[in-house]
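Labels run A, B, C and D following the written order; every chain starts at residue 1.
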Amino acid sequence: MNVLLEIGVQHYLVLATALFCIGLYGATTSRNLIKVLMSIELMLNAININFIAFSKYVTPEALSGQVFAIFIITVAAAEAGVGLAVVLAIYKHFKTVDISKIHLMKW
Amino acid sequence: MDLLGILPEILVCLTALGVIVLDLFLDPAKPRTGKLAFANGLGLTLALGTLLGLHWGGYASVETFSGAFLPDLTAVFFRAVLLLAALLTLMLSVGYVQDKLRHPGEFYSLMSLATLGALFLVSASEMLTFYLSLELLSISSFVLVALRKTQARSAEAAIKYLIFGSISSALMLFGFSLIYGLSGSLNFAEINTFLHQQGSEFVYRFTAVEGQSAPAFQDGHLKIELMAALVLILGGLGYKIAAVPFHLWAPDVYEGAPLPVTAFLSASSKVAGFASLMRILETLSADVTVPFWTRMIVILAVLSIVYGNVVAIAQQNIKRLFAYSSIAHAGYLLMGIVALSEFKSRDMALLGLHYYLLVYVLMNLGAFAVMIYFAAKSQSVRLQDWTGLGRQHPWLGFVLTACLLSLTGLPPFAGFLGKFYLFGAVTMMGSQYLWLVLIGVLSSVVSLYYYARIIRVLFFGQTESSGSSPSEQTPPVLLALASGISLVGILGLFVFPNWVIDFVAQINQLI
Amino acid sequence: MALFKSNRAHFYHWLAAFWSGLTLILSLVLLSRYDLNAAGNAFQFVDRLPWMPQFNLQYQVGVDGLSLPMVLLTSLIVCIAVFVSWQTQERSRLYFAMLLIMETGVLGVFTSLDLFLFFVMWELELIPMYFLIGIWGGPRREYAAIKFILYTLLASTLMFMCFLAIYFLSPLQTFDVITLLQNQNNLLAGMGRPLQIALFLSLFICFAVKLPVVPLHTWLPDAHVEAPTAISVILAGVLLKMGAYGMLRFNLGFFPDMMYWMAVALAVLGMINILYGALLALAQTDMKRVIAYSSVSHMGFVLLGLAAFNPIGLNGAILQMFTHGTITALLFIFVGVVYDRTHTRDLAQLGGLSQRMPLAAGLFVITALAAVGAPGMSGFVSEFLIFTGTYGNSLEGLNHFLIQGATIASALGIILAAAYTLWLVRRVFFGPMAERWQELSDINSTELVTVTVLMILVFVLGIYPALLVDYINPASEHLLSWLPKVGG
Amino acid sequence: MTLRFADKLVFGLLFSAAFLLLISLLLFNYGEALAFYVLATTMLLSAAGMILVRDLIRSAFLLALCFLALGGLYVVLNAGFLAAAQILIYAGAVAILFVFGVMLTGRQHIPEHEFDFKFLTLIFVALGFFALLARGLWNGTWKLSAEPAQADLNTVAAIGERFFSQYLLPFEIASLILLMALIGAIVVARKEPDHERTA
């Protein structure tokens, strides 16, 4: 029980891995473009957990993991913005956001 | 702080911002592409001049920004190549942008920003800068692909590119986070030192149990955390260079993107991808990791070469054909990366990679310059619609032919020497990799088949009697200039490869 | 040596004629200044220029007794080809540029003394050939062109691999042919036997495709049939020799013991080539195909001569390369003459043309006799040398008799050659003439000049072969001096 | 919309439970282990729900919930500044951005996740990947720091200081990324004044 009660870096890593896998699953299987983008956000958040956990347990003074995470948040926001803009463009042309219906070119 | 080393980047950045501001002041009713392109080209030329001037002026590179930015000789080389690629792309894009795109200011600005990302990427020396430059390059590429707004294909290509790009950059980041956890550092040099010193901790040792025969594993297996980090990082970068099996986006994106953007992706993006891959692998190279990533890269190389070349045969759309050809070329370059793993073949491999990437930019952009003009002429990118175009425009047809033959790797073009260096490097590793060379060489022959199909369509077919004589349709000056530069480049680099060899030898001495 | 400066001629026939003529004159000058008294092993007129000094790579050219006849042949045939294609109107600028680039390549192959340069030149010849067949060829030209280039390129990849291995895996680390030939003993040091055999075989296969040796010959008839006349002339007259040249220079030069070990196989391959080519030639109905297969047959003699491993046979083989170049060129010129006028090469439609073109018929008969190997003409000399050489071959034991057997069987090829050649003559020029050939004109003066020049050469060499053999003999003796058991 | 009731149930339960716990944890710092488990469970469940729920708006709100729970975890990890950033940027901006995206593209019903063989295979692949990676990371030889983390480190000031010294270049590049994304998003999403459609 001690392993379960004393939270260490491993716990966060496993949590992050789980979140990452959920995100990866959603990003690769979902048919809705917006949901795909949301799943990608989940993956990025999982990475943030990793960085921040390592920042605490590996380099408590340097804080480099936390800084990295902040930049990931920034980039994720930018990516989400551009992604949604492209989804809107897709919607304008195709009148749908269903991936399986967007196939002018073969995948 | 020493800002001299980063001056070219600052200039490119100012160019990007300047172009977007200039766009605000120009009258949108009048054609403004020319002015914007001129301003952009001026900035890029200035940056290239600064870079080369600093280099020839004996400016010694130093780490700046607390080790974030390391413009060593390799970086100087690749930055020059990237700026050259950006300039060529600019030249060949003017006509297209004028005709087809409604946002020339944004196009040029984003192109410069993407180039800026690539420039930072090749000289980044810690993971954070690396990641951010990669994203700068990627996200501006997504937008560039989507820029032809009247076309549904453009949007479709952009969304595919974006999804694949985001997923693979997430994979790579996960790998980065693991490396950070293992080494406690973001800095490439520190990570490398760490792996050298404590790499042996990451190997499962199989110690002999008494009474049993000794285990077969001499070097053991990598532990999962390091292995996962390597696999994830290579996967993420494999996407950038479009290596099989991370290539799925490439054909659609190449087809859907506006032609100059396709040219940009095939040249700048690939150069940046390989330069960064070289740097990452150099970082991650230690006794324990090298055998592992070598095996992975060998698999990627073989798959890319075979798949790219075989599928390219069936393509009717020129852009798709070039997508598969670029996948195959990624495979050839990966062979050079394989040869990086051994000391005795390292010099040759570095030479091959530098030389081939430079030549690849020239021949690919030369081909695209001609293709953009032909596509505009025939209003199509399908192969059968190009029948006889080579006869109508013998000079451009000749340039395209030369570029294609160079891509195939036939003398007397520089592509041949490039392949010679790459294959030679792999041969140097010893006879256990000769089969890889054989695959490379044989698939070059296969590639001739589909390149020759383009040549055949251009020259052998019956000329359609459109009644237009070659003289009355002269291609735009800039486009002709770009194709001319490429042609001179691929011929000149074949005859005088020495300065590249000397330059790379200089890099090696420093390492 | 200014032989290579002849490429990228800009305009029109005269310019092409001027350049190729200049090349011919230069190669004659070369011939006259070649020092016969120097030892056979020395390359003369060696010219070197560093290219990539970091890799011991240089532009290095020179000639010896083996390459000199080939250089002469090349410049002669190309010059003739320029005159043969005098009528070419369509895109003549590109046509002649291609022709001259190809000449550059072929001359480069015969003279380069650097493996890398050799390979570059070898490939340089391919691209113009592809265009020449593909643009100016017959109805199935695209197929023939791509088949030609794929076959040859596949083969040359083997060569490329082999050169890479020779450079990177051998202790010498050089592409310099002279150095390599002088150090052939430790050329392969440090390589396992299987690798050595693989290298040897890949080189052999590469040259065998070009020669062509029978199972690898299928590109040849297609390329010949579809190519325009002048290109067929060059293809048969010059390009096939590149294969034989490569075999002599590199296979025999680098791996003499393995070549020796393969002697019987060579003889048998030669025999198959001779008989198979001849039999197929008998079965064809297209004039060009007949001659194409006769080329296969004749090149078999080169292989056979190679298998003798004595100077006589080797002299014969090299001489055969030269004579076949001239004679086949003649044959193709006649096909071109007939085709220009009748626009068909189908033997079933032709016949009786001697009534309208008696001069051509007469000359063709002489050529046919030369092809058959009638005494007094060069074909006879070379085949005679080959047969004498192989019959008295320098192998021992069973192999000796096996090769003798192959020789005797090959002699049958001469009879077959007589059969198909004379049959060809009969079907084209004699017999009943179809009505529609009434308007045909006889051979014109340009054609007459080219034919006469070649024919004089055939006769001169037939009567006084020493003219060339004097150059060849030292080279072939030198080539054989490396063999383990042969005393020269 | 067959799962409407279940949707509501999951959604409501998760949301309320998480908020209560989050606030209590933030205020009282009630034991790291408990906080971790509650927040982690909330996060994973809402993430899984986001993937599985069919209605996109609910998906978006579950995503916001997931981000909130993550913010809580960051507090536990002594990353207060990041927690604030997470809640402001992710839960506040990005999730709302997605809601706007859903609204603008019409709430279409896109059938997915039929419970068939393909679905099962994918689940198993995902689980296998997770098991392999998790096992490796659990036993990983991380370079753990010897001294304990200081809880009272002033992270905001420290991070700000690092932005302008050690990480100046990334900071500049990030600003360029944001600028570029701004330009790009506007260009791509803007309606053209005279929109003509060519084939």
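Note that in this section a residue touches a chain if its C-beta (ideal position, glycine included) is under 8 Å from a C-beta of that chain, and two chains touch if they have at least 3 such contacts.
Fair warning: this is a prediction, and the values are worked out from it, not measured in the lab.
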Best-connected chain pair, where connection means C-beta pairs in contact: A-D
Distance from the mean Cα position of chain B to that of chain A, given in whole angstrom: 27
Distance from the mean Cα position of chain D to that of chain C, given in whole angstrom: 74
Chain B and chain C: spacing of chain centres that average the CA atoms, whole Å: 43
Chain A and chain D, separation of their C-alpha mean positions in angstrom: 7
Residues of chain A whose C-beta touches two or more other chains: 9, 13, 23-24, 28, 37, 54, 58-59, 64, 67, 71, 75, 78-79, 82, 85-87, 89
Set of chain D residues in contact with two or more other chains: 133, 137, 140, 142-143, 145, 167, 170, 174, 177, 180-181, 184-185, 188
Chain C residues counted as touching two or more neighbouring chains: none
Chains touching one another, given as label pairs in label order: A-B, A-D, B-C, B-D
Touch list for chain A against partner chain B, complex: 9, 13, 20, 23-24, 27-28, 33, 36-37, 40, 43-44, 46-47, 50-51, 54, 58-59, 64-65, 67-68, 71-72, 75, 78-79, 82-83, 85-87, 89-90, 92-94, 102-107
Chain B contact footprint on chain C (complex, rising order): 52-55, 91, 94, 116, 119-120, 123-124, 126-127, 130-131, 134-135, 141-142, 145-146, 149-150, 153-154, 157, 160-161, 164-165, 167-169, 191-192, 195
Residue numbers on chain A that touch chain D, as the complex places them: 4-7, 9-15, 17-19, 21-26, 28-32, 34-35, 37-39, 41-42, 45, 48-49, 52-60, 63-64, 66-67, 69-71, 73-82, 84-89, 91, 96-98
Residue ranges of chain B touching chain D (in the complex, touch as defined): 13, 20, 64-66, 68-69, 102-103, 106, 109-110, 113, 116-117, 120, 128-129, 132-133, 135-136, 139-140, 142-143, 146-147, 149-151, 158, 178, 181-184, 194, 201-202, 223-225, 227-228
Touching residues (chain side chain B, partner chain A) in the complex: 127-128, 131-132, 135, 139, 142-143, 146, 149, 152-153, 155-160, 162-163, 166-167, 170, 173-174, 176-178, 180-181, 184-186, 248, 251-252, 255-256
